[in-house]
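Order of writing sets the labels: A, B, C, D, E, F and G. Residues in every chain begin at 1.
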Amino acid sequence: MTEILTAILALLAGGFALVAAIGILRFPDALTRMHASSKVGSLAGSLALLAAAVDIGGVSAASRALIAILFLLMTAPIGAHLLGRAAAWRSGQKPDLLIRPSDRGKPGP
Amino acid sequence: METLVACLAGFLVSMAIWLMLSGNLMRFLFGLLLLSNGVNLAILAAGRLTPGAPPLLGASGALPPDTMANALPQALLLTAIVIGFGLFAFALALTIRAYRSFGHLEVDRMRSAEPAEDRR
Amino acid sequence: MTPFDIMQASITLALVMVGIAISIGFVRLAKGPSLADRVVALDMMTTAVIGVCGLYAVRTESEAFLDIAVALALVSFLSVVALARYAERLARRSDSDD
Amino acid sequence: MKLLSINVFLALAWSALWNGFSLPNLLAGFVIGYCALWFARDLIAQGDERRYFRALPQTLVLIAYFIKELVKSSIMVARDCIAPRPNLHPAIVRMPLDGQSDAEIFLLASLITLTPGTLTLDVAEDRSALLVHSIYATDEAALVADLKSGMERRIGKVFRP
Amino acid sequence: MLDGASDGAGRMLGYAASILAALILVGMALMAPAVVDDRPVLFALDWAPSLGISLAFMVDGLSLIFGLLISGIGSLIFLYATGYMGDHPQFGRFVLFLFAFMVSMLGLVLARDLITLFLFWELTSITSYLLIGFDHDNPRARRNALQAMLVTAGGGLALLAGFILIGTAAGGYDLAQILTGPGLQDSSLYGPILVLVLLGAFTKSAQFPFHFWLPNAMAAPTPVSAYLHSATMVKAGVYLLARLHPALGGTLAWSVALTTAGAITAVLASVLAMRQSDLKQALAYTTLMALGTITMLLAGAHPYALTAAVTFLIVHSLYKASLFMVVGAVDHGTGTREVAQLGGLGRAMPLTALAAVLACASMAGLPPMIGWIGKELIYAGAETMTGAPLVAAAAVAANALMFAVAGIIALRPFFGAPITTPHHPHEAPWQMLAGPVILALGGLVVGVLAQPLLGSVIGSALTGSLLQDRAAGLHLWAGFNRAFVLSLLTFTLGIMLYLMRARFAALVDPVLRRLPSLDDGWDRVLDGLRVLAAWQTRMLQTGRLTAYLMAVFAVVALALGLTIIRGRPEIAVELPRSAFLWLTAIFTAAGAVLALNTHSRIAAIAGIGTVGIGVAVIFIYAGAPDVATTQLMVETLSAVMFAIAALRLPGITERRSPRRQMAHGVVAVTTGLCVTVIILSVTASPLDRSITSYFEENSYALAHGLNIVNVVLVDFRAFDTFGELIVVLLASFGAYAVLKRKRKAGP
Amino acid sequence: MSWVLALPILIPFMTAVLAFLLRGSRMGDLASVAGAVASLGVAVLLVGVVLDRGVVAGQVGGWQAPYGITLVADHLSAAMVLITAIIGLAVAVWSLAEIGPESSRLGYHALFQSLLGGVTGAFLTGDLFNLYVWFEVLLISSFGLLVIGGRKQAIDGAVKYVTLNLIATVLFLAGAGLLYGATGTLNMADLRGAVAASPDQGLMTLIAMMLMVAFGMKAAVFPLFFWLPASYHTPHYAVSAVFAGLLTKVGVYALMRVFTLIFVGDIGYTHEILLWVSLLTMLTGVLGAAAQSDFRKILSFHIISQIGYMVLGLALMTPLAVMGAVFYLLHHIIVKTNLFLIAGVSRRLTGSSDLYAIGGLYRSAPLLAALFIIPAFSLAGFPPLSGFWAKFVIVRASLDLGEWLVAGVALLVGLLTIFSMTKIWAEAFWKAHPKGRQPALADLPQSARWQMMVPIVALAVMTVAIGAFPSAFLDFATKGAEQLLDPAAYVAAVLGEARR
Amino acid sequence: MNSLILSVGARFLTGLFLLFSLFVLLRGHNSPGGGFIGGLIGAAGFVLYSFAAGVEDARRALRVDPRAIGVWGMAIAVLSGLASALASLDPFTGLWLILEDLALSTVLVFDIGVYLAVFGAILTLVFALEETV
């Protein structure tokens, strides 16, 4: 039974990874591509780890897998945020929100 | 399996040398990283590749039934990787300093140490 | 075909899929065009490697590979941060390198 | 926090009593410890600390909600990834914030990033708003409302009494 | 500290050296009876026994003659030098060098071991170098010192090789054994030995074609010229020829080589001597003539020739040292050494004049000076030699010219009408007179009492050292023989030459001027060397790193490629079936290709990141979690550091020309192929896994660890790890230093 | 037993720690000197043990030979360790006068001591991979030392030094890894048997070539020496002195070790290559020196030509020749270091290292002049200085083999060495200072004078002593050569009767 | 790099990195990990912190010059190697103190030395790079 569950999880992981990759390839700009990466990618990784946890069983395996998932989910958004901000800067979209009060009034970079 | 890794290692070495010869210090650094990777692969392959089983013993030191991956080259590799990293780090710092000193990274134009021949 | 065989086969399949995913990610990495695109692709590739770790843990029945996943989750984040910082500063300098 | 640590300690103690730190043991210990603490709340927890008893279930609710959203979002994005003609409406929207604490904003920003088609780009300097990028921003107002009622409300329940 | 000459300390040093030398002279003299009785004095210390080398000395007849000359003349020279230049600020140093030279020279002639001999041989070169360059502010002096040094040291090196070969051929470096043992003439190494030894001897004794350094060496202060470059050091080569005569002499090659070199040197030098207007230069050339004559005589194998050589050596030392000192005294007294500017000094400098006349008489070979006996013996000896007529002709020509030169030196400055000189002429102090006068008188005394004073010693040299059965007698009157006739002929010719010296000069000058000047040749050789060196350095040490790298990689490619072609190691090819592995390999390789992208830094670093990831995946595949983790961490940190650094670095452009790219590509691909082949060859045969098995079996049992890799790292091979942590730490130190160090101005 | 082998390696690192923690203060400098003294003591002890017992081996971590890392000292290793300690002490003292507080704070002493530790480790280890590690230690410390002076020139030099040396280490690493893959062992004594027993000798030669190129680069042989003249004249003088003395010698040592102990299966090929390489090295080095007009550059090029002699000794592979190489190695370290130290003093006194911009040392600094003569003429091979014996033995060894060309080149190079040395002498010492300066030792502060001159005098005395009393040293070198050419004792000491 | 999200995240992620690194260090003998990996992860945490809060703050949070940390690591490694002298064993021989499940050893001390050295080295490098203008 666990084998089948593992197999399903693994295939899902593979599928999501593939999908994420395709998304990254096809989406039109950096910001949209990030949606594929930070969500689908994380999910794929998490599913693979979950598959390992299910298959191996035991506290230590499960806890490691969960910790890995936790780290993955915790770090991904921060990275995405920084990257998104950079990409926004890059693509010339500089909403007022992004400009710090201290920068206001100064000539643009 | 070794064959593929060997080819890959050779390929990486080729690319690395090509980069190192390009005359730009930054590309030399890239070459250095590739070269380290190539050589690491070579060492791995030299220790023979055993897919799977990492060299970990079961509880109470039980040997697993199948052959484990060769632990010794792995230890060597670890050492080599870390050393390679140290060297890369230094080279990077040197590159920055060289850029500050010379204003460019073209190694062939860095000629303040030599040549200066006998003027007589 | 026992469940075990099914599992093995699906792991192999999943690995190949992840492998293809990484390769596709690489295409984006190579194409760019902007720095952010490359970093996104690199991030995706690292995440895929986390998946590889998980799948390998299953295949070899060894927890050892999960440790790689943990470490990788942490540090890949670091590289994304560093590269994003780089990208942002570069953008502010409006330095058109990449 | 104090109560959480006591609870964790109780879970460990429970597992130790049962001679094994297996996952079920630990979970059971945690649940039993939680109940025990709840019964003894008058003895050990005063005033604000009692928030723990509400925060913990709320956290579980949040986690469940988040996992649901994560899967949903992923499937949505995944569909668009492979769809022959992706249905994308990217835009940047400004989402005003109610919560003010760092942890709250951080959590909110993170969860927004992880949910369907949205991505936190930045926080306003005065913490009054989040800047969110969405790929499904057909209706920006609806999007903001959705975010506020979904994620922000649930996080607020965890953090605020 | 040695230079505190101004307060007289230098002079005291000079006197002390003189007395010391005199004591050595006495010591040598005291050994004479024993030596004459054919009981050579021996002394030996083990030096390098494993090489068969000892620090061995002996006093036999030949050594004794040289020893007496060296210490005796040395003593007088020190005295002379004290008078001549006692006020010089560096006189202390001068005395030191000169004394060191004397000791070296003594060591050279007393050595019984070839290597000991060589030691002192080289020491004389060094001290001579320092003495010639004594006037070190003068570029000419420096140049001439260098010339003397290089010529004699170069010869010395040839000599060393020759000695080594002698040692090999004779089975040891002990002179006694070499000389008395079976002759080297039959050894297969005789040819090379002869060439090398002659090279050494000829350079040291300034034989043609190496004669050019000697006149230049006269840049040294006069006491040095008198001592080193006439009386002693230049005799070292002759001494060596005499010393090795029993072992190497007697062959046709020997006699032809010595005769030719000696004769040419003698004649050429005496012709050149006629042309010199500087007295010191004239003397320098006559020294060459004497050395040539001795060399020529040593070509012979008959006691007469050899007796003549030894005798003439003594003769020459006596008069030549005396004359140099005279010239020094003249220079000192008048401020010039130019013949044309001197005249009628006899009145102002009577003692100097006396010494000059006596010494020149000896030089001219007039009876009853010892010079006469020497000349007679030369002619007698010449008869016994191969090619006697030619030898005799050369000897006559040289001697006649010498006669004329002697006339010039003895007569022109001291007699005739006084000529105004830069200084008002005055007699030299007593220290400077003692030497020339004593030596000149000595020439007279030993001339008159030749046989009683010198006979036994020379006899001992002939029989004991040169291993002849007898020596020729030393007689003022040896009967009316062919030698006597030749002497008369010499005088006649000499007088004619003296009288017609101007016409003679006019005759030979054009010829001589057309001869290539070896001195200029020397400069050209040195210039050529410099040009060659500069060219080579320009070619190799270009300062272009790319060229260096290219050379290095080309060497790698060549070394490996050729060895592969030569050794044909076995290889095994077996492709994997895992699609995942193939994919990994492909994207890794693609990452490397991306890194070649010329413009985008980030694309390059991303490409390298991809390679890092791919390699890590291969590590995972191969069951190496620790390595994979480390690899990923290191890759990440590298990328992080690069991202920080890239902000401070410029973009990249490819600047190579297509041709260069081609060459680089060839080298790169060859090397890569070689690496692949080596790996395939290594993996073709099974691995001896015994060490790994040991680790697997004992990792838990003995080292209490389940992770074998970690156990290897921290226990089995902890020392590697220790070194590794130091590397990482020091790398950070170095990077810190390179980044934080403030820039230092200037070189 | 293993402690006397391990301590020479560990003491420098302990000193490095101490010196770093006390950095910037006088105590830090003194700690460095004290550590050097301690190293010297242990090194003397080690030599004593080796003289007493022959080859000694010790296992690090107590793991039996092919499994753990073995430290071995035969005569050659022990002597090298001793010389390293001597040079370390001399330069540590000398550094006191040159190294300013900034370099000191940046970790000069720690880097310096680590360099010594790395060098010592390389000499003592009996394990090929461990040798690689120590190579890296000394390399990375040398990187740090090279740039610590902060001159622009030094950065240029360092770029060349670093890039080229990195390639060498990577090559070494690859060679070591592949050799393991081919033989299954890394212990050098064990490798001897394993390499000889290998069925694929072609492969063995191939790996031998990899290592030859790697070590050759470290040793700065033709045509791999470019990094040396590009960088050695750029750092602090103390640094270039210790580089000149020790760094290339580690490469030579490694060549000698590996090509006598491990790769002796195809001498006709490998050693023939070494022979030609050595000849070209001698010639190019000495000609390079002839083209230079900078004190340190001349000396740098001479390192190369002298390396040629050492490699030549190895290439000829007769007992006498190897003995000559060993002797050369030992003598040259002392002499070369001393010459660089003297160059440092000269620079300090005259204000430049350009020979045409300096002068007058002979007149006003006679002591320095006298001290220059000794190593300079020793380098040129004049008796009775140490260099004579080195050259004598090498020349004799080549003549014994009938290698006329080799002997001729060796002698010619000796002559050209004289040319360079006398050039320095004439320009820096004899000639008057072009700016009329009177450079006298008395110009130095009292403490600096002592710190600079005592090491120079000590090294000069050693040069003379070795030359004047060569017997013990020659015997020592002979013994060392015997051990190299017949490594039975070495193998037995390392492996015991355990394997093979 | 002025980001609220990053600085909040970094605050606890740094702690998490450090915690995880110690975990990796301590159990390295039995499962993948050890001083190197631990040191790298720990340093990564502080690098992150320096990104979020600036190098100045990171140095202050560290309290000690990272070079000194590295040197202490080296010192600890040497001392663990010397410790076996007390038991008259070969240098770097592991000394074990095994109490039931808890195993203390000089080998672990050595690994701690490695950890500190790597930690200090990486921080030295990154901080120096960051501070370069």
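For the reader, a short list of remarks on this structure follows.
What we mean here is this: contacts are C-beta pairs under 8 Å (C-beta built on N, C-alpha and C of every residue); 3 or more make two chains touch, one makes a residue touch a chain.
Protein identities per chain, from UniProt: A = Monovalent cation/H(+) antiporter subunit G; B = Na+/H+ antiporter subunit C; C = Cation:proton antiporter; D = Na+/H+ antiporter subunit E; F = Na+/H+ antiporter subunit D; G = Na(+)/H(+) antiporter subunit B.
Predicted, not measured: the structure shown is a model, and the values here were computed from it.
The minimal number of chain-to-chain contact steps leading from chain D to chain F is 2. Taken together, chain A and chain C share the touching chains G.
Across the assembly, the mean Cα position most removed from that of chain G is the one of E. Here F-G and A-G were compared by C-beta pairs in contact; the pair with more is F-G. Separation between the centroids of chain B and chain G, computed from CA atoms only, is 24 Å.
Between chain D and chain G, the centres computed from C-alpha atoms are 33 Å apart. For the pair chain C and chain G, the distance between mean C-alpha positions equals 26 Å. Here the spacing of chain B and chain C, counted between their Cα centres, is 22 Å. In chain B, 20, 42, 45-48, 52-54, 56, 72, 76, 78-79, 82-84, 86-87, 89-90, 92-94, 96-97, 101, 107, 110-111, 113-114, 117-118, 120 are the positions where the chain touches two or more neighbouring chains simultaneously. In chain E, the residues touching two or more other chains are 530, 533-534, 537, 541, 543, 545, 549, 553, 601, 621, 623, 625-626, 629-630, 633-634, 636-637, 640-641, 644-645, 648, 675, 678-679, 682-683, 687, 689, 691, 695, 706-707, 709, 713, 715-721, 724, 726-728, 730-736, 738-740, 743. For chain F, residues touching at least two other chains, in rising order: 13, 60-61, 107, 110, 129, 133, 136, 140, 143-144, 147, 152-153, 155, 158-160, 163, 167, 174, 178, 181-182, 229-230, 290-292.
Contact between chains, per the stated criterion, is found for A-C, A-D, A-G, B-C, B-E, B-F, B-G, C-E, C-G, D-G, E-F, E-G, F-G. Chain contact summary for the complex, chain E toward chain C: residues 579-580, 583-584, 586-587, 590-591, 594, 597, 599-603, 606-607, 609-610, 613, 616-617, 620-621, 623, 625, 628-629, 632-633, 636-637, 639-640, 643-644, 646-647, 651. Considering their complex, residues 20, 25, 28, 32, 35-36, 39, 42-43, 45-48, 72-73, 76, 79-80, 83-84, 86-87, 90-91, 94, 97-98, 101-102, 107, 110-114, 116-120 of chain B touch chain F.
Listing the residues of chain G that touch chain F in their complex gives 67-68, 71-72, 74-75, 78, 81-82, 84-85, 89-94.
Every residue of chain C that touches chain B in the complex is listed here, in rising order: 59-60, 62, 64-65.
Residues of chain D that touch chain G in their complex: 102-103, 105-106, 109-110, 120, 122-123, 127.
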